[in-house]
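Input: structures, listed below.
First chain A sits with chain B, and in the next complex the same chain sits with chain C.
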Partner chain A sequence: MQLSDDVLLDMHHRMVRIRHFEEAAGRLAEESRLPGFLHLYVGEEAVAAGVCAALTDDDQISSTHRGHGHLVAKGGDFERMMAELMGKSTGYCKGKGGSMHICDLDLGMLGANGIVGGGVPIAVGAGFANKYRDDGRVSVVFFGDGASNIGAFHEAANMAAALQLPVVFVCENNEYGEFTPRDRTMAITDVVDRAAGYGMPGVIVDGMDVVAVHEAAAEAVDRARSGQGPSFLEAKTYRFYNHHGIQTLGMKYRSDEELAEWKKRDPIDLFEARLAESGVLTAKDAEAVHERVAGEVEQAIAFAEESPLPEVESLYEDVYSGVAQ
Partner chain B sequence: MTVTEKEARTLAYGAAFNEGLRQIMEEDPDVFFAGEDVGKAGGVFGSFVGLNETFGDLRAVDTPISEQAIVGLGIGAAVTGLRPVVDVMFMDFMFVAMDQIANQAAKLKYMFGGKATLPLTITTSAGAGLSAAAQHSQSLEAMLCHIPGLKVVMPSNPYDAKGLLVACIRDNNPTVYVKNKRLLGLKGEVPEDLYEVPIGVANIVRPGSSVTVVTYGRMVQESLKAAEELAGEGVDCEVIDLRTVQPLDIDAVTTSARKTGNIVVVHEAVRFGGLGAEIASQVQEQAFDYLDAPVGRVGAPFTPVPFSPTLEAEYVPNADRITEGIRETLGM
Partner chain C sequence: MTATVGVIANPIAGKDIRRLVSFASPVSDMAKIGIIRRAVVGAVEGGAQRLLITDDRRALGMRAIDNLSLDAEVVFLDAPPYDSGMNSQNAAAAFQEEGVGAVIVLGGDGTHRDVVKGWRNAPLMAVSTGTNNVFPRQVEATIAGQAAGVVASREPPIHEVADQAKVIDVELDDGEAEQALVDLALVDESFTGSRAVWTGQRLREMVAAIAERATVGLSCIASRVAPTTRHQAGGVHVTFGDGERFRIPIAPGLYSEVEISSWRRLHLNESVEISGPGVLSFDGERDLVLPRGRSALVTVSHDGPWVIDIEKAMSLECGEAR
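So, the complex of A and B:
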């Protein structure tokens, strides 16, 4: 597949946006300026960017506790995201959800999720609605290697295949669930092996290579859109920071050497080298993208900090929808 | 060393849990524990630290992220003769395992005509106040107490954290042991010996004469603060720490009600359908004539737990809200 420069630059932009947003969020958390848990997506940008670049604005995604990257990749607005992370009334969820429940239904981002595996059946439900309406939309579910051990994943995968739903399963295999390595919790190395058991095609891609991710995702999305049912994509990737927060060095559940090895394959560095080599984006132009995005993040932080906290009365709102008129 | 010296030792709530588990595992080779990140990593709250090093992978088991199978593992192992402790990291995740908890663990003995014995302990962590939002902050004990066959304990201090854990593990029934995340660092006296705090027995943590505050878990600490505050105004609160919410030590509550004539129930969980409703109902059935006022209830409002600290502060009951609740009941 020959990708146009526009697509390549678009994916680069998405990755850079994720990186800067997450780095800033991590910094703010370190400074105790963000409440609650913060699961950063740094290191895994190629997965969300490569997949979301294969989607239309109308397609849906469901996400995980590590969900900022997915929302950014789907076009999320920095200001509303940062405000949500700070628990402000101008945030995506009016400060009620925070990092773990961030969403933008208008962008088809059906929510980060605090329950591991919780988003998988939801994406399948969206896929069902898409098939029901026959509107050509596709839903994508992002989930971790760890999440592939939970019942909800297995039930939903089987159902999607049985009902031939337009769903793409994207496993972000970063080799750990919290502080426990994958090999202590499953007897297989490749999560994609599970796809065959449900009768759906599956491939492994280098999750640090955004082009590889994109090509595989585009194929899976095409299959779904053309009524050929669900597929499974396993992206081998790695999170550069801790399970939550940014502290990493000296953590005993994974070695500093292993981290350093993976960091050599930083998905943004790899891609920028390639873009420079092929003349699509010079190092200088890439730098300009970073600077612009960094400025946007700073602006979002200022917006979020100036935003008001939610009115206390809002606690009681949004529990139920109003009665239909 | 004399007993007094021994008892003077202080330990944090989380460390007391850890010590109780270690000692009972040393005592009983049939005890093992399993859960997410509880082995090599020592648990996300550090409650299981060091145990995998001592007891190895077969007795300090790292499991996949599979709550349903984790609880099921405990049931199957219990009914075939072991004495498992299975951990569900956050109480909110119990919903993922609810069939195994409610339809299986709670009922096997009864459905089998009494033949099965389930010495199973499910440990978990509850509580709001950390901006952990709606899926990592709930207090769901009322839901568990509604299911015949389960016992539920909610320790409020390090001494009980250790003693109730030991009691749960030694109990031949499925028990749910609920830590409060915000109590993990709380320090208090903890004997070095292995001891039990009996299940189903409440504790009067502050004797008083004007009003009885019935509570458990972290709200015990908040209620004690409220009692101090009110003491300055001449209100003498009796604070009862239920320690166990199923079975309920209702006698301790009604005895106190007969003495003080006023009851306020305090819990972190939502008021609607909470333990407070059950207690109020039983108190009016058994001690109606002794009451000077309707039983008061302090609990969370009927909303999911919000993320934003300002909203969460409004949500989670605290000493001020308890003080207010007591004043209301006393007509002050």
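So, the complex of A and C:
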């Protein structure tokens, strides 16, 4: 698959946006300038960027508790995101959702989800609606290796395959479910082995290589859009920060050596090296992208910090939708 | 010397993008564990006293021998925390140092290539578990393992029980050296990406050491103009462009059109220069970017691994036909 320079630069931009937003969010949390939990996506950028670059604006995604990267990759607005993380009224969910419930239906982002595996049936439900309406949309569900042990995943995967729904399952296998290594909770290593059990094709991709992810995602999205049913991608990846992304929180559960090995395959470094080699983006131009994005993040932080908290009177607003009185 | 058999199983063989773009079947971990289990049982039956097994993140080897009562010492080799061809390569190099008498390789063409990069003249029991397999054959692991055990324990002169394979040596202009076992192609791409090659439209040039008609993949292309068996000396050099058109099975269940502008047979040890830009595909996997202005010298030689012939090996165990 020969990708245009525009697509390559777009994927790079998405990855850099995720990295800077997440690094800043982690820093703010450690400085106690940001309330609540957050789970950083740093290290896994190639997955969200490679997949979302294969989607149209109308396509949908559902996400996880580690969901900032997915929303950024789908085009999320830094200011509304940062405000939401800070619980401010200018945030995506008016400050009531926070990190783990951030969403933007206009962008097709159906929501991060604090319940492990919770996003899977949501995307499959969207897939059912899309097929029913015959609107040509595709829904993608991002989930982790741990989520594939949850009952909701199995029911949703079965339904998607049985009804041949236009859904792409993207498993971000980062080897740990929260603090527990994968081999303590699963007798299999490749989550993709489960795809055949439901009757859908599945592939493993290098989750640190955005082009590899994009190639597989583009094929899976094409299959879904052309009525050939769901597909399953398992991206082998790794989170560079601990489960929460806050270094002072939680326990040590991975060796420094293991982390160092994975960091040698930083997806942004690998991609920038290749872009420079192929003449698509020089190191200087890449640096300019980083600087510009870093500035946008700082602007978003200032916007969020200056924004007001929600009024107490709004506590019950937007809790239920369309309930008849 | 302790009769030692090495086992290298590629955990990611049979799981790449060709499950999406073609009708290649998935090969699950459980299938691989079963194959390893049958191979090691066979190896011990054939006389192996010691088994060296590659470990991996999936612990395929450990799970394969779980609950087996093997009358042999079993040693596992460490592996990196992520999937890499270096795993098979390093294991093969370690096997050579350990004086392994036969190496059972479970994988596809790519896995066998990695093994040969680590130990060029390895005595191989090549068992197919990959996708487009030309180098390893479809054989039952039990008897393949037994044949490996026989070779390791009886130590016959290797040429009596094995055929030496050809190797495509690739010498890059920066001094780096690479190898392929079946085919080497220049593909009109900029990235290695998902690695597989599943369209003939982007091929620019290729060299095949094996061009057999009964194969699927790039090797099959060269067989249409210059069939060359694995036992025949030399190879084939093909360039693509305006010319004769063929439809070939480029992946399982997937046909693609190719247009060959020229071809010629290559003598053994004759070199051909291939120039970038493009991506070099080794045995059907995009693996190395060759930028504009860079080139590679490609040579087919006949000094590769020794591929054990099960019939010949088992004749040592069972005696000649009466």
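Keep in mind that, in the parts below, the second predicted complex is superposed on the first by the 315 of 325 C-alpha atoms of A that agree within 3 Å, B and C clash if a C-alpha of one lies under 4 Å from a C-alpha of the other, contacts with A are read in each partner's own complex, and residues count from 1 in each chain.
To be clear about the criterion, a residue touches a chain if its C-beta (ideal position, glycine included) is under 8 Å from a C-beta of that chain, and two chains touch if they have at least 3 such contacts.
Here the structure is a predicted model, which is why all the values come from computation and not from measurement.
In the superposed model, A:G151 lies in contact with chain B only, and not with chain C. In the overlay built on the shared chain, the residue A:V124 is in contact with neither chain B nor chain C. In the superposition on chain A, A:R265 makes contact with chain C only, not with chain B. Using the contact criterion defined above for the overlaid structures, shared-chain residue A:P310 touches chain B, although it does not reach chain C.
Once the two complexes are laid over each other on the shared chain, residue contacts for A:V141 go to neither chain B nor chain C. Once the two complexes are overlaid on the shared chain, A:A46 sits clear of chain B and of chain C alike. When the two complexes are superposed on chain A, none of the residues of chain A touches both chain B and chain C.
Chain B meets chain A in the complex at residues 36-37, 39-41, 44, 62-69, 92-93, 96, 130-136, 301-304, 306-311, 314-315.
Listing the residues of chain A that touch chain B in their complex gives 35-37, 87-88, 93, 95-98, 100-101, 113-118, 146-147, 149-152, 177-180, 184-186, 253, 309-310, 312, 314-316, 319. For chain C in complex with chain A, the touching residues are 11-12, 15-21, 26, 28-30, 57-59, 80-83, 188-195, 202, 289, 291.
Here chain A touches chain C in the complex through residues 1-3, 175, 183, 188-190, 192-193, 195-196, 201-206, 209, 211-212, 214-216, 219-220, 223, 231, 236, 238, 258, 261-262, 265, 274, 277-278, going by the rule given at the top.
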